[in-house]
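The first chain written gets the first letter, and so on, giving A, B, C and D; residue counts start at 1 in each chain.
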Amino acid sequence: MISIYITSFIVGGLICVIGQLLMDVAKLTPAHTLVSLVVTGSVLDGIGWYEPLIDFAGAGATIPITSFGNALTHGAMAEAEKHGLVGVVTGMFEVTSSGISAAIIFGLIGALLFTSKGNV
Amino acid sequence: MIRGLLTFQSKPSIYATGVTAGPLEKKKSVFAPLFDKVYEDERCDLPTNEDGHKQLMYDAVLIALSKAKKQPEKIDFFLTGDLVNQMTPSNFTAQALAIPYIGLFSACATSVSSMITAALLADAKQANWIMAGSSSQHNAIERQFRYPLEYGSQKGATAQWTVTAAGAVLIGQHKVDTPVIDCATVGKVIDMGMTDPLNMGSAMAPAASDTLMNHLTGHGRTIDDYDTIITGDLGSNGFKIFKALANENGLPHTKNFRDAGEEFYGNDPSFKAGASGSGCSAAVFLSDVYQKMLTREYKRVLLLATGALLSPLSFQQGDTIPCIAHAIELSMNEVTAE
Amino acid sequence: MKKLSILLIILGLLTGCSEKGTYIKNTTSQDEHSLEEVIMRNEHVKLAKVLLFEDELLAGIRVNTFSRFKKKTIATDIQKKLEKEYPDLKITVSADSKILLETEKLIRKKDEKDYRKKIDKIKSIEKEQT
Amino acid sequence: MQQEKYAQIEKELSPKPPILKNVMKAFLTGGLICLVGQFIALFYITYFDFTERTASNPTVATMIFIAMLLTGFGLYKKISQFGGAGAAVPITGFGNAVVSAAIEHKSEGYVLGVGGNMFKLAGSVILFGVFSAFVVALIKTILVKFGVVSW
């Protein structure tokens, strides 16, 4: 059981290191970095590599934004398997709605509760 | 042939200044004791950042007026600017003051460009009293040019911190024993192909260098004529490059060079390369430099404010950052015998 | 880093990571010998908890760290082998730690009254897709 | 002065990002956030009817909730300043982008401000996530149809 914590720490950390290198070495803006990682996640799922990574690293693979691309692709492919080409579009948010819905709900609640502060 | 040179024969005078700043500046700025008014709330207890921004400028003007014992009705022109889209804080200030108004935009160089315009109006005898100045408010500028305030982005060592501050200066006809405006140089827009909006100092340094050289050659000055040559908001990185460029241009030493942006937060590393914003140069020029002129610690100074003329749109469309620098020369007469 | 390693060691002690082997609770008359052999023959399996109840065979397994990449294949593999060995049982094998946890809970339970309900529940959450 | 020459001077004098230090901080921050996520997942697995796979949904939602609190109290930007990509890449960074934009644009009202700007920063992640998922799934579906690969 302990090993899942180590692997999640290391794998999650390494994905972030890739992000940092994209920002510092490739000089990408944060937005471009995140977009690249999301696209990478969905491609990795397409070739079937991301699911084993989740099995290996648990939250280390599901918490980084790459899992967002993976989950979208996974939903689309699962639905396509059942319903053919139409499923590609309809299945997209089947599995990944939680991230977006949580962001929307907590975004609005955050706006109700807080004001931004210009401190260091 | 050097263009953009201005000499003011009548030597218009600076009668009074007013400087306001926000709570973070009160806590962190080394110039805080010199400011006329500091607020406890970053929005000046008003609902929005832009309202607070307007209040900063408005109060700075009223402070300058009260020091000169003048009413807004006596002022002929109000020349000011800021960094918010369409300069609404300045516009609303002008509306509240009801002084004939021209909004000026030279980004962070507005402090000097407004003083140059004011000096021209006074020198041409078109006006007796002109209020100039500029302001910036951290929250309002950050959300417009960069990210939401609470958004986490890692700032590099070259990033600068937009100050919450405003400076207003009352300019009128020549009077002895006041700092007077001798001459000025209007800069050209210089673009050295820099694209990083988090490294504005190095984008602005060539503009500052160009205007400095034009001013020195055009008006026949050397750097030793000045007690200080103070740039607006190059920040530590831009200032370093500016000094290197000066050496390259044959200026032997840079010991009397200062940079308001670098000094503003006293090299506090959490502010990275230092301060920026149109309020930065205005606040330092009109508090520290002005007061040192009144005590005759400085007898001749060159204010060299720099501005990066970019917008979030131009940056996103892949344009480089065009920059400008304006110079204005102030002097104080020797102590007059009573 | 030092603090971190201390934290990880404490974690290790808390979670008791040293558990190994195969634990079987058999409430049926089935022969469990070949069951143990099938599971233990797979070198990826670190820990297995198996429950036999009526016509159900429920197995939660944990695999070695670096075998986790293919833990689904390992589980399917064992499931197929068990289906061959016990053609008359309904077999569920999963490498998901939830199944292991729930199976363990059932095994510890003395009372066999609501086994049926619990087993159905475990099987249903096992089938759920992410 | 030539632009190229200036670019050279500028590059010489400007401080370089401390890449090794940044990378280590990103690793530490990102790793810790994922570790917290793993604990939350364990919580959901142990006390609720979630399997390892299904627990990721409530875990993500919880992480975004934590990100909302940290953003609102002004702590997330400090974590980000330290951790860089280590704070931006985990889903909490996505949450921070949405929540910070929502808070910032409150002054323009809930419909035009919060509603219109909430996805100002995070929108591109959704767009390219969805579009790449579409393309990948489409290619895979076609490949399966032609018998090149199987599901």
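Simple rule for what comes next: contacts are C-beta pairs under 8 Å (C-beta built on N, C-alpha and C of every residue); 3 or more make two chains touch, one makes a residue touch a chain.
The structure displayed is predicted, hence computed values, not measured ones.
When you average the Cα atoms of each chain and compare centres, the chain farthest from chain B turns out to be C. Note on chain placement: the centre of chain A and the centre of chain C lie 29 Å apart, centres being C-alpha means. Chain B and chain D have centres, each the mean of its CA atoms, that are 38 Å apart. The geometric centre of chain B is 71 Å away from that of chain C, both derived from CA atoms. The mean-CA centres of chain A and chain B are about 45 angstrom from one another, to the nearest whole unit.
Looking at chain D, residues 17, 22, 52-53, 56-57, 71-72, 74, 83-85, 88, 93, 99-101, 103-105, 121 sit in touch with two or more other chains.
Across the assembly, chain B contributes 148-150, 153-154 as residues in contact with two or more other chains. With touch defined as above, residues shared between interfaces to two or more other chains in chain A number as follows: 4-5, 23, 30, 55, 95, 114, 116-117, 119. Pairs of chains meeting the touch criterion: A-B, A-C, A-D, B-D, C-D. For chain D in complex with chain A, the residues that touch the partner chain are 17, 19, 22-23, 26-35, 37-38, 40-41, 52-53, 56-61, 63-65, 67-68, 71-74, 83-86, 88-95, 98-106, 110, 114, 118, 121-122, 124-126, 128-130, 132-134, 136-141, 144, 151. Residues of chain C touching chain A in their complex: 8, 11-12, 15-17, 62, 65-66, 68-72, 95, 97, 129-130. Looking at the complex, you find that chain A touches chain B at residues 23, 30, 114, 116-120. For chain C in complex with chain D, the residues that touch the partner chain are 96-99, 101, 121, 125-126, 128-130. Against chain C, in their complex, chain A makes its touches with residues 1-7, 51-53, 55-56, 71, 74, 78, 95.
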